[in-house]
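Take a look at the structures below.
What follows is chain A paired twice: with chain B in the first complex and chain C in the second.
Presenting the complex of A and B:
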């Protein structure tokens, strides 16, 4: 037996799963990508040229990115403190936060989006509360607005911000903070130079998760903002399901895929840089 | 403790409490609406009734969709557990290059837009002449459930000390019995959590399933969304409440078997 031909039967166990995914998903995805670069049987980027020269499509890209950035920032703003609280909580408080994260995760997006439809209506709880507090003069609807969409989307995705930050924070030795305090560091200095850099890998993972999901969400915009507002995902879905325009659909699908892959790859590169620096 | 620290601490707990309320809001709303007597979604409801549960009991479409979804979720989870566990063992124990690349490939369906994956599969299945709705859904849902199993079981196996099996054999157990006595209990939590999340992900999947359903075979999220769009009444809140109960039951079982904190490690 030569070293070159050394054969490892245990490695064969990966074959069924890899072969399955290759045939059911890998090859089809590759074909879809390739097809977007073929027009009328000839290799061409003309569908991308057409796509990027239409102002409407730039509006769609703008909508997609604006909403995804807003959802990510709001998720970070409320998710980071929640992750900190979860890492420090004990007993009932810890159980309450964990249930509030895991239970909605397992309930399903249609149920949640449907419930937000009710909450965000003109006669819904939010509108009535704001009027009662005299913050609004008249009842207004948040449903079918971008604000409403961001509220609903943050609600669906914020667990994916909290969990990675929490899993990093719980590994951080609390004595590090005490040590910095003993050495005379001020609270703000300690937060920015000790706590924040240590939790950065979790933050980057959370941002990548939430951003890539928010870029490609389909059900939430469908229910919370309606047909007049298009994102790359809703436009992709519409061009296949209703407009039967497969060339446009393949093109938007490729743009969407490129955004998601760029997010994942970019975020994988980031922690290494910061990890080396800290 | 300085003033700033006290303020920061208070702020952390206030935001966390608000987030807990915010996260539970849609669930509470769905439950409250399902027990209301009014046909429009008013909160608080003018009176309480079970009429939407009666309406749900009569709804053939919704129950057919529940059955379809449950079958596909259960079967695809079982297939994913078998394929995924084999792959995880091969990845951890086998000697070959490109391990990381293979793990990334096996987990990648989770990270890519479901809609794009769905379109790619739709075109491929059409090209291969696969038009059977149930079979297409099945093939597609294994792609959704497999990453959960691979990710969790691979992580658990990577931490497992395989010399424990040798130790058990030295103590007189046969190889299969050593595996059963040592490896299976160590992997059980990973099986349970990944199986639960895979099952729920399949039950909940919309963006991939939408391409494979037809007028006769619909999965639950698709039937529900159609119901919301066509006849929005609290029947949908009643089935949502049942789904919340199911998720709660899964959570309780998971907590008993694995513990909430380990479930959050996903």
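Presenting the complex of A and C:
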């Protein structure tokens, strides 16, 4: 009776999840891959060759990545300080911040997108504020621009950046920072050598969450920028729904999937490169 | 108008329906076969006026029962495909692009003047593919504008291109059926005839490229576009559907719809008899009634559409000499995907 061969019945607990994923995710994924890699009944990469040889498709890939990267970076820039504030806050203040982050998640994406349509208009509150602050000479429109899309998308996705970072920061012993201070480390040094490396696992999870959602978002670009700005997700949707071109739709979906997976895997390598210590 | 369009079942209708159902269950099968029942498939949005105006009139005249199944055109097509050889629906009311698919699948029975005398009374352009289907009504495409942002109504399709409306124009995506005629309108502005503009879209697309600075957005969701127009973020939507724009106007929105001087485009509302339809005679009679002047006179108002029966006058506001362009939908169906990809490339931000 070796330890290696002993079967732990606890492992059975994973069966429902595996069965569900195989049914709801595995089978459709297999069908999708089969459609993309089989042309006229023969295995072929010709649909990918056609896709990548069209300059327009590179524009679409560029749009998709640019927006996803921008959304992720802005979410990180806003989300990290928020997560720190949330982790340091006590009692009622902490509860208030937490509610402010979590409650908006219960509002549907479509509702938020429609709200941004009002806020980002030429006579909307953002434009008026910027004019009042003399940052803009005349009222301008943010709606149906890339900037507007990033603003709207960050609003939808930023909780998914804050929450993982917060859950990691919460576990970090605050005395580590104090210890570094007693040893004479400057605040900047303490942040980059102590606080940041310790919070990296949360940052990585947040980036993976936000990026994979932003790269494949469909409703938000549809409502905030319209039909003139194609991303891989909107191109996939219209290929299936309107052009009835399943070959193109599965090809773009596979490209999108590859981009999302590459980013998640790549971001997991981040802590090793970045902190080295963790 | 509102009571007309809400389509709530009245007590009498309910009683009638339950009496009919009870009769159907109680009767022996031989009698049941004689209970004439006609199933019509159509758009969910049509249900109110079909059930308020068409059904009562038809049931009374022909002593039968009409069941209207309201759904989407593509769902109707699916139903017809699945029940091929054993159809339970007799008549379909669908958009022309979907009719073309149904013809290709061999699902429709041609309409002939012998069975549908009113075929001779409608405009020839409303009969398609040698009588495979006909248009009973046609919503029309003009320019919708915000009355506060634009005190003088637009007169021509060319006004969409006027540089003073920079960033203020909304157009439909080519994914939406009402978007496609924009290419033809641009072709007309470039000096083409409608026939030429449909055959060779090059001039149309070149003209459209000059619309880019004026575009606020290209919509796929109609309500979103009208929201922008009603709140004056957009000044004009073109092409805009009469059936939608005028309904919004009637609901009190500060917008109106005009027919540009070059002419308007007729949108499709088709009706056809399904091949192998139960109650075939009744099915043709139903089509005949919808193509007749009596029903079309009653329907043109509530549906904000043009009648196709020549005896029915144009709705108020449309000049008698205004050109109404009929689109070759078979050509559109064949070219649509090419046009969409060209549009994507040339109109992208």
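The definition used in the following text is that the second predicted complex is superposed on the first by the 245 of 278 C-alpha atoms of A that agree within 3 Å, B and C clash if a C-alpha of one lies under 4 Å from a C-alpha of the other, contacts with A are read in each partner's own complex, and residues count from 1 in each chain.
In this text, a residue touches a chain if its C-beta (ideal position, glycine included) is under 8 Å from a C-beta of that chain, and two chains touch if they have at least 3 such contacts.
Since the structure is predicted, the reported quantities are computational estimates derived from the model, not experimental observations.
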Touched partner set for A:36, first chain B, second chain C, both or neither: neither
Contacts of A:107 with chain B and chain C, given as first, second, both or neither: first
Which of chain B and chain C A:222 touches, first, second, both or neither: both
First, second, both or neither for A:261, with chain B first and chain C second: first
Partner chain in contact with A:210 - chain B first, chain C second, else both or neither: neither
Touched partner set for A:141, first chain B, second chain C, both or neither: second
Partner chain(s) touched by A:245 [first = chain B, second = chain C, both, neither]: second
Partner chain in contact with A:67 - chain B first, chain C second, else both or neither: neither
Of chain C and chain B, partner touching more chain A residues: B
Partner chain(s) touched by A:153 [first = chain B, second = chain C, both, neither]: neither
Where chain A meets both chain C and chain B, residue numbers: 114, 117-118, 121, 123, 222-223
Contact footprint of chain B on chain A as seen in their complex: 8, 10-18, 20-21, 24-29, 31-32, 35, 78-79, 81-82, 84-86, 88-89, 94-104, 106-112, 114-119, 121, 123-125, 155, 158-159, 162-163, 166-167, 187-188, 191, 212, 215-216, 218-219, 222-223, 233, 236-237, 240-241, 249-250, 253, 256-257, 260-261, 264
Of all residues in chain C, those that touch chain A in their complex: 167, 173, 175, 215-221, 224, 227-228, 231, 233, 336-337, 340-341, 344-345, 347-349
Of all residues in chain A, those that touch chain C in their complex: 56, 59, 114, 117-118, 121-123, 141, 143-144, 146, 222-223, 225-230, 238, 242-243, 245
Of chain B, residues touching chain A in the complex: 2, 4-5, 8, 11-13, 15-16, 18-20, 22-27, 29-30, 33, 41-43, 83-84, 86-87, 89-91, 93-96, 102, 105-106, 109, 111-117, 119-124, 127, 139-140, 142-143, 146, 150, 196-197, 200, 203-204, 206-207, 210-211, 221, 224-225, 228, 236-237, 240, 243-244, 247-248, 250-251, 260-261, 263-266
